[in-house]
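Per-chain numbering from 1; labels A, B and C assigned in written order.
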Amino acid sequence: MIVSVRDLTIGFRGDDRDLVAVDRISFDVEEGETFVIIGESGSGKSLTGMSIAGLQPRIAFVSGSILFKNREALNQPDAELRRIRGAEIGLIYQDPLGSLNPVWPVGNQIAETLTAHGLARPAAAMERAIEMLDRVHIPDPARVAAAYPHEISGGMRQRAMIAMALAASPSLLIADEPTTALDVTIKAQILELLAEVKREMSLTVILITHDMGVVAEIADRILVMYAGRIAEIGSADEIMLHPSHPYTAALMTSAMISETPAKQELNAIVGGIPGLDALPSGCRFHPRCPRAKADCVTAEPRRREFGAVEVACFHPIVAEAVAPARTGRGAS
Amino acid sequence: MSVSAASPRRLKAQPVGVLLPLALVVLAILVAFTLVPGLIAPHNPIALAMSDRLKPPSLLHPFGTDEGGRDVFSRVVFGARYSLGVAIAIVFVSALFGVLYGALSGMAGGRLDNLMMRIVDLFFGFPALVLALAIAASMGRGLGSVALSLSLIWWPGYARLVRGEVLRLRERPHVEAARALGVSRFVILLRHIIPFVVQEVNVRITTDIGYALVAVTALSFLGLGANSPTPEWGLLIRDSRPYFGSAWWYLVFPGAMIMMTATASSIIGDALASRRPG
Amino acid sequence: MVGFLLRRLVWGLLVLLSVAVITFILSRVVPADPAAFLAGQNASEATVQRIRVEHGLDRPLPAQFVSYMAGLARGDLGESIRTRRSVSADLAQYLPATLELLFVSFVFYLAISFFLAALAARRPGGAVDGVIRLLTMVGTGIPVFWLGMTLQFVFFYKLHWLPLDARFPIRESAPPVVTGFLLVDSLLAGSLTAFFGSLQHLALPAATIVINLLAVGTRLTRAALIREQDRLYVRTARGKGLSPRRILFKHMLRNALSPILTATTMQFGYMISWVILVEVIFDWPGIGLYAYQSFQVFDYSPVIALALVSTAGFVIINLAMDLIYPIIDPRVQSVGA
């Protein structure tokens, strides 16, 4: 296991009480797999992913344990974490234009990953930056290296960000909604690219998204989060074929609407994610759940094994012979 | 991360909250000084008393005496109406002209608006004090000349502010609705736009009074404004120049008065600003 | 890009033209007798008449305006009655002192302002931040001339640490004039005593200006930095494992520079106004003091000339800023005006 999370809790201190955004979640990420954390916005998925690198917001408090390569990474002194970030953990984000420094050429920003960690001198780092740009299939990498972020296209920016994250050959890549802001065609290209570099560089990838299409493309294992808790966790094949948690099922269905026009009955999920100060009792999904019973309101369902996956639900869906139309899985 | 509207970030108490009452007290004092100086000042601000010259602060003379033996406190009290009075006059005149100008420009729109704003921009290119000096040289000294030159420098700020607001408010739904109903532009200006603009302008006026005061006293300090023996605050400081090395009170108290007034106007302006909606 | 600069240049010329028109009106149209105005109070009738003829003050206004503008184009700013020299020559002599004062003040201001703002931005709402906001609020109300005199009182009269006024110690001999900037000239002459002497005299006037600038500007710098801190690229930089210092200087500073410089340009306008007051208080032999002393004796050509020159200076500074922006922020090029 390259990452091992135990009882991770992330919250914000309020005037009279604390607001908990991630509530004691635990999971492992195996080396070499593509681990996807999926949920709507507000589920706590980004906080979780970012906290692995210690990049949760400064005002948040965090507790629990995060082991990275068997070393505790949670609440460590910043100097420690800085050594790991960039060199052992690479990160890419949703908005490549905002996430890149507007006043520096792209190449310099990539090279900086290396020079800041003392891995190369400036000239060599720049060469490597151009190399990386080439690796992520950017045409004319030398020109792009000298360009500013606003001068290149969105797709190229995301590729450049990937190049920047991987320049120092980290073992883990955390990708926070990397395709959300991209066109459909570019989305597919970026996902392909991620799969490719993962293979070539023997990476472990933790990908955070709300987009089921992304999951279908590249996930090995999936963690479904809802309102700060784990709904379901297991292998991607299993979960996609036989979603056990009602929330997972709803996610699958709403994603499949666009893929199978025949399913016209809108199974849209009613309602929205609860705010942190108005969390439902018991199972947090119960107000929106079509299968909710009395016990769902009073008690919090503990995570337990259910068939081939783990699920936190009192009344999970038993596997039916559902064969949803899915896009073919990219090499993973 | 969805944190609902009752977001619990801990906010420290704004310093303004503590200072505002102080500022209002200062304001009250100034009003008193301006309106009824005779009631407050213990001594005659103009009559010379050479036997008492340059005495340090005491119970009899809380701010000490100047080189003519005059009570500095009394001079400061009487000086309020000159220094502050001129500052207020400047700000109101500039605001009046600037608001009208800016409102007309904003409502007119198009090329006329462009041209009018270009003229405003022009004024922003002139360094203030230097121009005031030139105007005073040309038109003679005295508080009137100071008032004129500072008004010329101040009005563009209001024009720009109001024109910006007018442009912004023109796009609002209730204005569009009125246009659609065929209401004349002038009435729209009066009824729908000016009330909102007035709030912004009030905030600016309040803070500007402080700045105008500093400018007026600066010009008097240079000898452009009031003449002896007028107890204008800037002039007091100018008069203190030969003596302040030992007669510190002569420098400190008039200056502190200016500072307190300017700071108070700033605080009150900020308070007004934070109170307005949106 | 070139078009943009050309437009700014034209605008600058327009501003200069306007101020020339204004000064023309102030010196030829407004005074009851322009000749007496230019000749000064104590001039004899003969002098007044001479001036009237020399400057063509009996000719119709349009003709006067043309010759006035022609004179300006030649660099003819009139004559100072007090010094009996051309105003241009006087200005040339006194300008370096003013420039040295402004330059040193401004550099110190930028450094201190950035340092304070960085401290405040690290903990928004924290202790340092609160103190800075309080100081800013109080500071904007301080009259610069009073501040200067207070500094004189404390550091000269009470503590005897720094000199009262003037630009150089009286008993010492100033280094030979090469640039007109004493700090530079003393180093060029290899005299450390001269250098430190100049520095001592520069300290209080510069401090006056710096403190006032800080009062006005730190709030803006702080706001600019805080805004940058919340930006996404800062998170990216943290994600790369960069040290906070590196992030501050290499990333945030460049980005915050643009709004900081915009605010700074406005402050130049203030600075030009303050410089007169500071020079008067500290007897600093710059163009501000020169104009003021002339004003005192009703010698008005220098005053008018100062208005022209300082406006020109302001225009130049604005143009310089326009040139600097694209260098600092590459995005600006594509935006244009």
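Note that contacts are C-beta pairs under 8 Å (C-beta built on N, C-alpha and C of every residue); 3 or more make two chains touch, one makes a residue touch a chain.
Computed from a predicted model, the values in this text were never measured in an experiment.
With respect to subunit C, maximal separation of chain centres occurs for A (centres as means of Cα atoms). Inter-chain contacts peak for the pair B-C.
Note: centroid distance subunit A to subunit B, computed from Cα atoms, is 55 Å. The centroid of the Cα atoms in subunit B and the matching centroid in subunit C are 23 Å apart.
Separating the centre of subunit A from that of subunit C, both taken as means of CA atoms, is a distance of 54 Å.
Subunit C meets subunit B in the complex at residues 11, 14-15, 18-19, 22-23, 26-27, 30-31, 37, 125, 130, 133-134, 137-138, 140-146, 149-150, 152-153, 156-157, 269-270, 272-274, 276-277, 280, 291-292, 295-296, 300, 303-304, 306-307, 310-311, 314-315, 318. Residues of subunit A touching subunit C in their complex: 53, 55, 78, 81-87, 91, 93, 95, 98-104, 112-113, 116-117, 148, 150, 161, 164-165.
Within the complex, the subunit B residues that touch subunit C are 11-12, 15, 19, 121-122, 124-131, 133-135, 137-139, 210-211, 214, 217-218, 221-223, 234, 237, 240-241, 244-246, 248, 251-252, 255, 258-263, 265-267, 270.
On subunit C, the positions that touch subunit A within their shared complex are 231-233, 235-244, 246, 251, 254-255, 328-331, 334.
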